[in-house]
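Two complexes, one shared chain (subunit A), two partners (subunit B, subunit C).
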Partner chain A sequence: MAVAFPLAGRTRAHPVPLAWRTITANRWRLARSSAGIGFAVLLMLAQLGFENAFFNASLQVLRALDGDIFLQSVHKYQFATQDPLPISLLATARAVPGVASAAPLYADWYDLFWKSPRDGKSYLVRGFAFDPKTPVFTLPDVNAGSAQLQTPGAVLTDRRARRFLGMDQDARQSEINGVKVEIVGQFALGPDFVSDGTVMMSPATFASLMHGAAGNPPGIALGVIKLASGADPNTVLKALRKALPTDIAVMTKDRLIAFERAFQADVSSAGPIFAIGTIVGFVVGMLISYQITFTEVSDQLPQYATLKAIGYPTGYLMRVVLEQAALNAAAGWIPAWLLSLGLYRLIGYIALLPMRMSPGITFISLGLTLGMCLLSAVIAVGRVIRADPAAVF
Partner chain B sequence: MTALAWRILTDDKGRTGLALAGIFMAILLVFIQLGLFFAVPQGGMLLYDHMRFDLLLVSNQYEYQAQPGAFPASRLAAARSSPDVAQATPLYFGVVKWKSGVGDVWPDLFVISFDPGSDVLTPPSIINHRAALMRPDTILVDSATRPMFGPIEAGRVVDIDDRKETIAGQYVLGTGFMGLGVALFSEANFARLLPHRGLAMVNLGAIRLKPGVDPVRAAADLQKLTGPDTQLFSRAVLARRETSYWTTRTSVGLIFGSGLLISIVVGIMVVYQIVSTQVSRQLPQFATLKAIGYGDSALAGTVAVMSLLIAIAGFAPALAAAALLYDEIREKTLLPVTLSVSHIAEVFAAALVMAAISALLAVGGLRRADPADVF
Partner chain C sequence: MGAMIAEPSAPAAAPVAAATTEPVVTVDGLNHFYGEGAARNQVLFDNRIEVPPGDLVVMTGPSGAGKTTLLTLIGALRSVQQGRIEVLGRDLSRLSPHGLVEIRREIGFVFQMHNLFDALSAYENVKMAMQLGHQRPDQMRRRGSEILERLGLGHRIDYKPRHLSGGERQRVAIARALVNGPRLVLADEPTAALDRDSTRKVIDLFKAMTIEHDAAIIMVTHDYRIIESADRLVHMVDGRIVSDVVLHDAMRICEFLRAIDLFRTLTPTQLTDVAEKMKKRQYAAGETIIREGEPGEEFFLISDGEVDVVRADHEVARLGRGDFFGEVALISGEPRNATVLATEPLDAFVLGKTDFQSAIETSAPFRDQLYRVYFSRH
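After this line comes the complex of A and B, so read on.
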């Protein structure tokens, strides 16, 4: 062992990329292991992407709201549920110091039937209405088209709506609840798990389309409040709670989004469903990667024993095996990640789901891939530790 | 061939164990994805699976069960006048506010209304409670109603819209995609609860034909009586429509369909990985066999048998695990994930396909077994 340390020291100074050489020695095998690990990673990426898309689909309309503080009924447990508030609340809110504006958002999920220009049949759609002079969305297309909404019967339609609604076609008019509407523009929002498509309009048009609401203006779904510059959100939040009746929930945008997310997570079981797929991908990946590392190690066993015989410490050999596993992980993860970009686009296009790669998915999948490869290498490395020079020769 | 494959597999037990674990996971994943894929349309069929009818009369605006459109009650009366029809029972749907949720929450309640004197809904827990439903302002609540509705106990009085209703008990059917909570009302209670809605417009008409009447012919004849704003579905047509709605109109089909596809590819990768490693490890032996006169096809056959043995051996534990996991998923998601014979057969076929494709891939390595190289 006296020679071992100087040798080991020398390798540190001029490292032989042993792991790299071992991995690339057999390109066919590398391709095979990269494919094996890669598909397990792709499975995890698909599941993670679906989970993300599921929540994004329900949350993106809330994220697109242009406000700091929101008012809704305290009885509301989900955005897509009818619990209207009297519009007079907004006047009360406007009087609170620090409030710059309080705009109404009218919404309906269950009463607007849109006649599809595609097949002439009527389908349930989601409708939003707001005062064209005080837009409540950050969607640029909506705000660009909002001036035209002042014409009675004018609507904007969602070009990312499900295709059977025919909103992606260039029809200029259609019908909602049997009343003629003029399509004056389009925006891109996409369906969620409640609604297949969305139309936007002015409150006057909204009132005229709603059944049985004639003369009686409909209530608002959400009060959208913007703070005056320099106003402290917490102070205004408290003042609003004091000024408004107790059956009004006053929430920041983050809270509104978190509330919806919690509801979706609670009722949908999307979390567990996609977690199962991710775990299976992880276990399968671990098995494949164990198999790969194990084969590599056993094939190189004489070489490892030789290294050991000439004095390399076991720790060094273990590191080489772990490096190999990490390289295998990278060789599987990189193509899988790139492939998933295409997969996300394809599924996003076909299913109209907001499938998007995110830093979160990137890091989680990379961490899981490294985890499964290193974990399986640690199990496989036992072979190297037992590599007895005497047994090999 | 089989004996040789068996020998190779049992010679290296560790590696074969690994292969089994891999294929087990892959097959289990196929079970999960397939189970979820079919559970969704089955969830959509939940009410129909518990309804007695030969033909279903619906509006021509019918989309799927929870969004059926409505047609005038007179259409059902017209159907009743046909000599083919034994019974025609209306069902009414409505959505109301359950104002007795946990905390301040007022969840939406999906209401199904029917004549408690009829046996149109088949669950025994409904049949046995029909007398209670005839009492004014008394309802039955589905046992799968979500916890946010608060306790569903017999005798509890709850606020629904602006009325007080007494819960007579629970029934077992399932909420499916009707909503987070479902309750049964008698027609009289329904009309009291929703005076503007009333009973003039019907959502579903459950038609029972006289014995011996052919449903297809009867549907064509009845259509003439019920008019163009209605349509009639036999059970088979209805099942096809609902399934196609859930698999093509929503993203459900695509999500679980692509999950299914990826899990099959992963399964192929696992088996291929294992079998091809075996092939390269046994290459000298294969080359020897070749040298002593075994043909390529015999060796390829050995590889194929190896793949098949692995797939079949992995299938049985995966089936057992799937049965356990289905129970778990059913409980957690309230989706009717069921292990039917046809699912088992489909997954078994998928396992065989996985084995066949991975064998095909691995045989490529076998051709390199050149006796001259080895010696």
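After this line comes the complex of A and C, so read on.
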């Protein structure tokens, strides 16, 4: 007949929602705690958003590639390094059964200086070159403008490039490495953390800009392979590896993206920087949330002691405090999440970063918020555990 | 064990047959200490007390006498150090911490501080206690309203504490303590914050608990209005129970008379004689107690409440607790020279004409004092 827990059995129907009542009784206090915790959540969301944007910015060129299998030098530790391959590899690749096409992508990050129509100064930009007859990007604007790239000296520019490059202006002409170029169209890609802007051109134009009028391209940055319909990617992958020298990395698109992401997360300092930023937000949130929970608990200590005196077990009181912390977490997280949507737009607009809310960020931030509130409540709940029921008499 | 299962029906409504006269509380050889080592300080010395069901025990004594400590020990809020306490048939010193929590659910606690949750309504505060009892959830609202109504809070059921007066809050706390129909109630100055009217309601409810539900109540109080209704008076000084007396009506009247100037000169025997002849009588507000011009038959002593003395339609005096009236006609033999009306519910002790006159004759100082008052009023 012993009632193990006060809310067990029949009385479970509608117990007094003590935590909910306590949180909602004082609207002013709720607003304050929501603002305090929300501030910390916003810090974390900003960091998570930056991290996401950072990866997305680096990866969006790779995502925009139109191919199934890619070839690049095995010595590359990230895409944006110069380690050209001889173009003859593509002929070898084309001979492998199941390969429908093998197109070259030329790329350069460190040699092309673009004269900004905005201020007339020269800035380093990223350049891609491909055969206009075999486009290698899925970007519609690029493919639409590719025919016009046949003309020597014709380039496409990135209208989402950083504004100081002046690519968003109506100029029809500019210079790269002191050579006049014709701007024949635009596309939307955006900068990443290596490059401020991008120009695209034919291999001939690329070679002339790099090495003077008669130069040949130095070699390809990436071989873009498309499979014949019905061909099994794994079989072709294996066949390509066998056919090509061992210093050529043969990768699917997923693998290529994973390779780049692994570099950004583990090798570059970006991953730890954002992680530390998120941890700072978490710690700030814990301090704020501890202060809130501690005050709530202290104010109600005589009431909690009274509940103990009339027969509530300590476990019930701990649960009430943890529930309050969880409700505070929700009250802080919801407005902060909504606010972050606006913040992301603002940062995306100002910094030209692909700041986007994702299910990942949503769940991680919610988890972190709950974690910091519950953790601080666990520390604050000690006062409730030690509350002496005999002291209320 | 059967007697320990709380009645599932509304406990205060149905009188419980006195199935057992086993004491609800037995305290034996109880010592208690605060502090440790050199700072160890004994606060209770060899206390023993037994409280049967249905008893309203009032504990008095100066502050620091150990009343509250004794109460918290009986309430299983502290662990027993030396001696034995049995509550509702269970030896507290043998119970685990969990067992102590369990037994506390069967005790009604009224604390000096009401400690209500500001965020919860009066009803919800009471419901917090009901959740620990055996009340069916669908009966809780009815039961909670019923007890709040009985305490004069029917119109305040869904109010939050900050919209209640101090007395109302205290009554909510009393409702919380009594709602599960506990067989033992422990109270510490429960009426300190209450006005006369609420105090009466609270005492009525406490009394009803002892009579209808056979509950034992142990209460620390200095409120004479409760002492008058007590069955036992336990007096503590310096950690010791120095007196433990069972009160019957006469003794209760005696306690009251002793505090009044007029009777101070009587010896204890004479006082007891008078008290034994006095009868307690209640009047409703507005009721006429004596009427001008009628013959005088009785002497009145106000125990609680107020009266107006009216002569020829003019109020000549207002009398309250400890005041007396009606002696003039008994002394002079003339008809009543004034009308006396109760202005509020009145408790009075009444002494008949013959008993009054014999009381005057047994004590010269008493007679002198009475005559002095008589002439000053005449």
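What we mean here is this: the second predicted complex is superposed on the first by the 340 of 393 C-alpha atoms of A that agree within 3 Å, B and C clash if a C-alpha of one lies under 4 Å from a C-alpha of the other, contacts with A are read in each partner's own complex, and residues count from 1 in each chain.
Throughout what follows, a residue touches a chain if its C-beta (ideal position, glycine included) is under 8 Å from a C-beta of that chain, and two chains touch if they have at least 3 such contacts.
This is a predicted model, so every value here is computed, not measured.
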item	value
Subunit B versus subunit C as contact partner of A:Gly277, first or second or both or neither	first
Touched partner set for A:Ile310, first subunit B, second subunit C, both or neither	second
Contacts of A:Arg27 with subunit B and subunit C, given as first, second, both or neither	neither
First (subunit B), second (subunit C), both or neither touched by A:Pro302	second
If touched residues of subunit A are counted for subunit B and for subunit C, the larger one	B
Partner chain(s) touched by A:Lys242 [first = subunit B, second = subunit C, both, neither]	neither
First, second, both or neither for A:Ala351, with subunit B first and subunit C second	first
Subunit B residues touching subunit A - in the complex, by the definition given at the top	15, 18, 21-22, 25-26, 28-29, 32-33, 36, 61, 63, 67, 95, 97, 99, 101, 104-108, 146, 148, 180, 196, 249-251, 254-255, 258-259, 262-263, 265-266, 269-270, 272-274, 276-277, 281, 325, 329, 332-334
Parts of subunit A lying in touch with subunit B, wherever the complex brings them together	32-33, 35-36, 39-40, 42-43, 46-47, 50, 74-77, 81-83, 110, 113, 121-124, 162, 164, 193, 196, 212, 247, 267, 269, 272-273, 276-277, 280-281, 283-284, 287-288, 290-292, 294-295, 343, 347, 350-353
Interfacial residue positions of subunit C with respect to subunit A in the complex	5, 68, 71-72, 75, 77-78, 98, 101-102, 104-105, 109, 111-113, 115-120, 124, 127-132, 135-138, 160, 176-177, 188
Subunit A residues within the subunit C interface of the complex	1-3, 6-7, 10-11, 13-16, 18, 21-22, 24-26, 300, 302-303, 305-313, 389-390, 392-393
